[in-house]
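Each of the next two complexes has chain A plus one more chain, namely chain B in the first and chain C in the second.
Let's turn to the complex of A and B:
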């Protein structure tokens, strides 16, 4: 008899996600992913000036405040045929690059590490052994026994408050936790170091965006950042030096801490190279234009599609083949739910038909999620760092291939281990590694271009709506930290007529489609063993490995009964 | 002593935005200084950590769902806040729970945290507050202003 277990909510993610899983003989045999997700965005954007859209789409997401701005301005630029000046492309690269690195560091240390690292076990570590371990993996500056003792004292102080209970943020003492105490202590130390690092390196956004959170310098046709080596108020030598300092800081942490940590932890969890693969379909749009001809030409990270794990054939992306189903999603399509719609024709007529809360299970035979089901040429796809690394590897991309082969040789394994929970987590570290290596190059390219006397950061040619055609439509792609992001805009009489976004987590967290194909989260859980179904840590490991982001999925929950009594009504 | 007023919410989701909108309103009345900051945090997660680590006295403003009369203004403080974050009264607390966990582990948890909330009427994609929340948003703001004044006269040495 199969048992159905429910994990709701999945914690330590940005947003709300519920997983229902059917378990037989200690293994997951089927799974359903359900979430709230932003919807009805066209209502906010319809009738507005497309040049303003980025300012609203920036608020879709609570975590990466840059990504929906970039996709939006690119969609409008694509619709109107605007070429962005080289300086602006480099500035965007730097903003996107550090966003990816910062987000990956936060994901690994603050949202994912506690699935693998047992904080309570770190109390039993011998700080001298942790120091020896640290010194053996890299020449990182914080590596003394005294330092690790001080970290252990902090954990001890927290534990003494009684609030580090078994359910506060992690499954301490779970049988699937495999790290020795010394490694756990190193992990907690880096968790704390990463807290400080992430808030430092993102200052690049404050420098280039005038404000962080929510940078303000995006602009259709370029960036609202004046470049002038001789001006106090423009991007000048002093500001460039400051940005370089933060890039250097990120570089050191990724190379001496993040990547060595992944390699140090992986040998204890090699089982996790066998679970979590899901459909072996990977989609990447490509990112980081590096040539004078501008986006979408000359992308450093290549786009493409790998299907069924076949690394010998990479398919070029055609945006016309992207469609969304709502067969199992709480929407109605005009013309029926059996056929999918392209985002240009996208609709979001909400129709909740799920059970009235509180309920035990969703009716998964019918509609069961607010997330739509995007498909490429009718196939479900995984997007994100793993997809980018797999597509790049299949294309023989120099830096990606180098990083992957180094890792495989360190772990003494073949490329098949990429298709797994651990592969997904490692891919994020490898992407951070090649990105911190590349960022100084974009800074050089920017500086060298400025030296030629080119101070242009905005192309004003099509700024005036009088220069636009009556009807225009376009799409904007961006490789956000969590994967392939697309915005589609339809412009009519100078205003937005329709606007749709297909976000990375929609691809990964999608429910089934009209052909009953599972979404990638659902598929990736099948075959995963559960040591203790009451504490389904293994589900969290695989779901967290995707870095779920449903923060755009803002929804309010019922407080529990005992909470109501704690509230003072004013 | 550093005081931080943190308003949370998604500006695109009507009543959900109440905390963020209140912070924006308060910014018109109070100037940020070396030891006082009002932050409109949107629905951000870890990016808010440095404000929380910086604060000794943290005032959080957010929307809540407690099946109260829509527009009801509530206050939660002290130990009762643990329940808020455990039960994730509002989705932003998912992030807030993680942030507070992180700041407690790093030893930087604010000494005092007070939470002000407003009961939502409905949540949908819209940039206008519902009638009932809109009618009471000034009450929420006034309660927070009282708290800010109280915070500015507060010294931990005396009260602890």
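Let's turn to the complex of A and C:
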């Protein structure tokens, strides 16, 4: 055990994650990913009104704060056979789109950047050179030497207090930090700029959905924001103009700052195209319906599976092939730990068998995480922006292919560099780019539809539970910022009988399965060099490249063991 | 030559220069008086140290923190406070992170502010939530117990919230239940509205003590009034104009959402006045009823979401609504126990005044 290093807490993520890793000759030879927090929300959902489920599941996560609402209302709509008005589909697209972009910006600048950017080094920068660099990468408005000097002075004054607050004990001066001081200063300036930008662009959620985090606007059957161009209490032209303003703001930042930053930093860290690949399996469900027939038809971002990095073959997703193991998770299965269960047949009887806290090490030969191990056709999968970009690229999707080929030509590299820590980080920026480009189109589609006199945002047909069948079940999928998300709901006598979610971080952060296959975090750490195991910055780089969201990943539903008989397998 | 003259030599007009300066201070979220302020900060760095703990949380309150505008998150984190430990934003991880916490704990024992986000599970010997191998209960008792005072942010930390909803699978508890006798300020809401955190911190910085609180330990400046009493749609309620279906005429015209399940008549929170995201909107304004998220036990007592409250008559609602308030008190006492309330009220080192009778109509 002594040669194991432990990183707990993994900070700059959502939730509670612990990594234990074995290091030999300066490289990671094995790793274990453990989630150390559990709430039991799916159990809490049992017996409640299915129309309320989105409000509960929304609290899986306050970061990707819309995604579990969307998946939940889609699951209930699927169960009850509800078609959503076109306006509502477009409103959902706009809400989902800006969620992804805003979440990616926060991730890159506030959760990931300090793995690559050395704040202390920025104090040594020549602000004139930073200005020249900024002006060479884009025509972003904040690019003068005086501006960068003011940022440097601010950080300098802060550092001189000797109290670094959230930057205390950071990895400043670490041998794996490679950026010149001038690039670091640009990164610090953008860290601060992004902190102010994110709160502005997300006001789209407030305009359409009252507030963020946790917008309060989703309804089974549509959206709660009414549309009426001639009312001051509904979505009207003034509000549309305001939304457009924030889309424009996001567009400018992504194109002039975020993407150029990734391209400016990448050449210093090309080593990181060799680490962090893990299993080369990628899963996406697809997202953003654009046709009148509504979800799940006409999706702009395609779904599919790429296995073993083979871009020539894309497999269509078959939900029957999704199963979950609990061999190394703190749950019991009635059929024993060797079995895998489809979400519809799943059961999760929590049974903590780990060491009593406080503890130094987990017993990783046994159960060691609150996250289950989802597998597709028994194979571990990666989900997230990289999976979406890889699947889209393999399918020849126009915008995705364009963004990827542009990036590869800028970096003078082949597609194989996508399968890496850096590729994952770049994919998130590229996804932001194509999304901000697409959002005006959804606004146009919404406006054009309103122009026809269609103000519907809610389908009332099945709102009254009296109109429901005694038994119903359904599923809802969504491409969340962190990847493919699925909710399954079973309704009996107008109440939730069972609820199950298989979320992006469950896929990525999973522990080993019955076949001892590692999860994707675990596999992706193998071979990563550690310059200083006492300061394991490199582990953070790869783990952060996934944008972990652990609160989402851990949930329970108290399986009754009789689901199979009640649920029609997809 | 001053900078303005220099700029002029370079062909930059005074108007452009001023525009530039405004842009810079805006971008950095700095007031015009930024430079002298920072200079002063170096001379006498009086920023209160903060340890922000996250347990059974969704990071929604942290995200709410990032939406701050007056002061902004950057000002709050860098200029007004020294946020020495906050898992979601701090650069250090693992034992470097834990040692940052220990340093502040040792150096500022009894003086730092502890902020808690998320409920604390007491089941399975604390194994439902551990950080660095230690249980949330242990960490809270050590760090919260030795703070100057504790701010519980969001309904999970204040009242147990969603994890404590029936059947409370993990034995989740609130901060005040686990720290009897400690000064705890509750800022419920799902999430807490960062304007109320800002208000609390600024109050502390200006007046040197936490604000006055109600019997649920909520600051009165933020939770002193019923949503219903400040609601912009109140006139429609009194006039009997209700939304009857989503998207109907009344919904488009901003009529009262009471029949669609709005919990405003039972909820004490300042949403209608301060709103959210720089005052952009709030649930009722955007067409959805209030969920009652700042009330103890709301996940069980205020749901189903779309079920209308019983016995709220139309015009002349006051007396009945006050009775409902009393009913909520009863439920809450069951939810987190009379003992918790009494001991919390008894120990107000820094608190000037705790009102004993809440749910009174101050403005009547």
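Assume the second predicted complex is superposed on the first by the 541 of 570 C-alpha atoms of A that agree within 3 Å, B and C clash if a C-alpha of one lies under 4 Å from a C-alpha of the other, contacts with A are read in each partner's own complex, and residues count from 1 in each chain.
We adopt the following convention: a contact is a pair of C-beta atoms (placed from the backbone, for glycine too) under 8 Å apart; a residue touches a chain by one contact, two chains touch by 3 or more.
Note that the coordinates shown come from a computational prediction; the quantities given were computed from them, not determined experimentally.
In the superposition on chain A, contact of A:458 is made with chain C only, not with chain B.
Between chain B and chain C, the partner in contact with more residues of chain A is C. Contact with neither chain B nor chain C is seen for A:421 once the two complexes are overlaid on the shared chain.
Shared-chain residue A:281: touches no atom of chain B or chain C. In the superposition on chain A, A:41 contacts both chain B and chain C. Touch criterion not met for A:78: it reaches neither chain B nor chain C.
In the superposition on chain A, A:364 makes contact with neither chain B nor chain C. When both complexes are overlaid on chain A, the residue A:222 reaches chain C alone and has no touch with chain B. Contacts of A:154 after superposition on the shared chain: both chain B and chain C are touched.
In the superposition on chain A, the residues of chain A contacted by chain B and by chain C overlap at 9, 11-16, 38-41, 43-44, 56, 59-63, 65, 106, 110-111, 119, 154, 157-158, 161, 163, 168-169, 192, 195, 198-199, 202, 212-214, 551, 556. Those residues of chain C that touch chain A in the shared complex are 3, 20, 23-24, 26-30, 34-35, 38-39, 41-42, 45, 47, 49, 54-64, 66-69, 72-74, 77-78, 81-84, 86-100, 103, 121, 124-135, 138, 162-163, 165-170, 172, 190-191, 245-247, 251-254, 275-278, 280-288, 291, 299, 303-307.
Only residues 6-16, 18, 36-41, 43-44, 48-49, 51-52, 55-56, 59-63, 65, 106, 110-111, 114, 119, 141-142, 144, 146-147, 150-151, 153-154, 157-158, 160-163, 165-171, 192-193, 195-196, 198-199, 202-203, 205-214, 216-217, 219, 221-222, 224-228, 231-234, 350, 352, 354, 356-360, 455-458, 460, 463, 535-536, 540, 551, 556 of chain A touch chain C when the two sit together in their complex. Touching chain A in their complex are the following residues of chain B: 9-13, 16, 41-50, 63-68, 72-76, 80, 82-84, 87-92, 94-95, 97-98, 101-102, 104-107, 117, 120, 123-127, 139, 143. Of all residues in chain A, only 9, 11-16, 38-41, 43-44, 56, 59-63, 65, 106, 110-111, 119, 154-155, 157-158, 161, 163, 168-169, 188, 191-192, 195, 198-199, 202, 212-214, 551-560, 562-564, 566-570 touch chain B in the complex they form.
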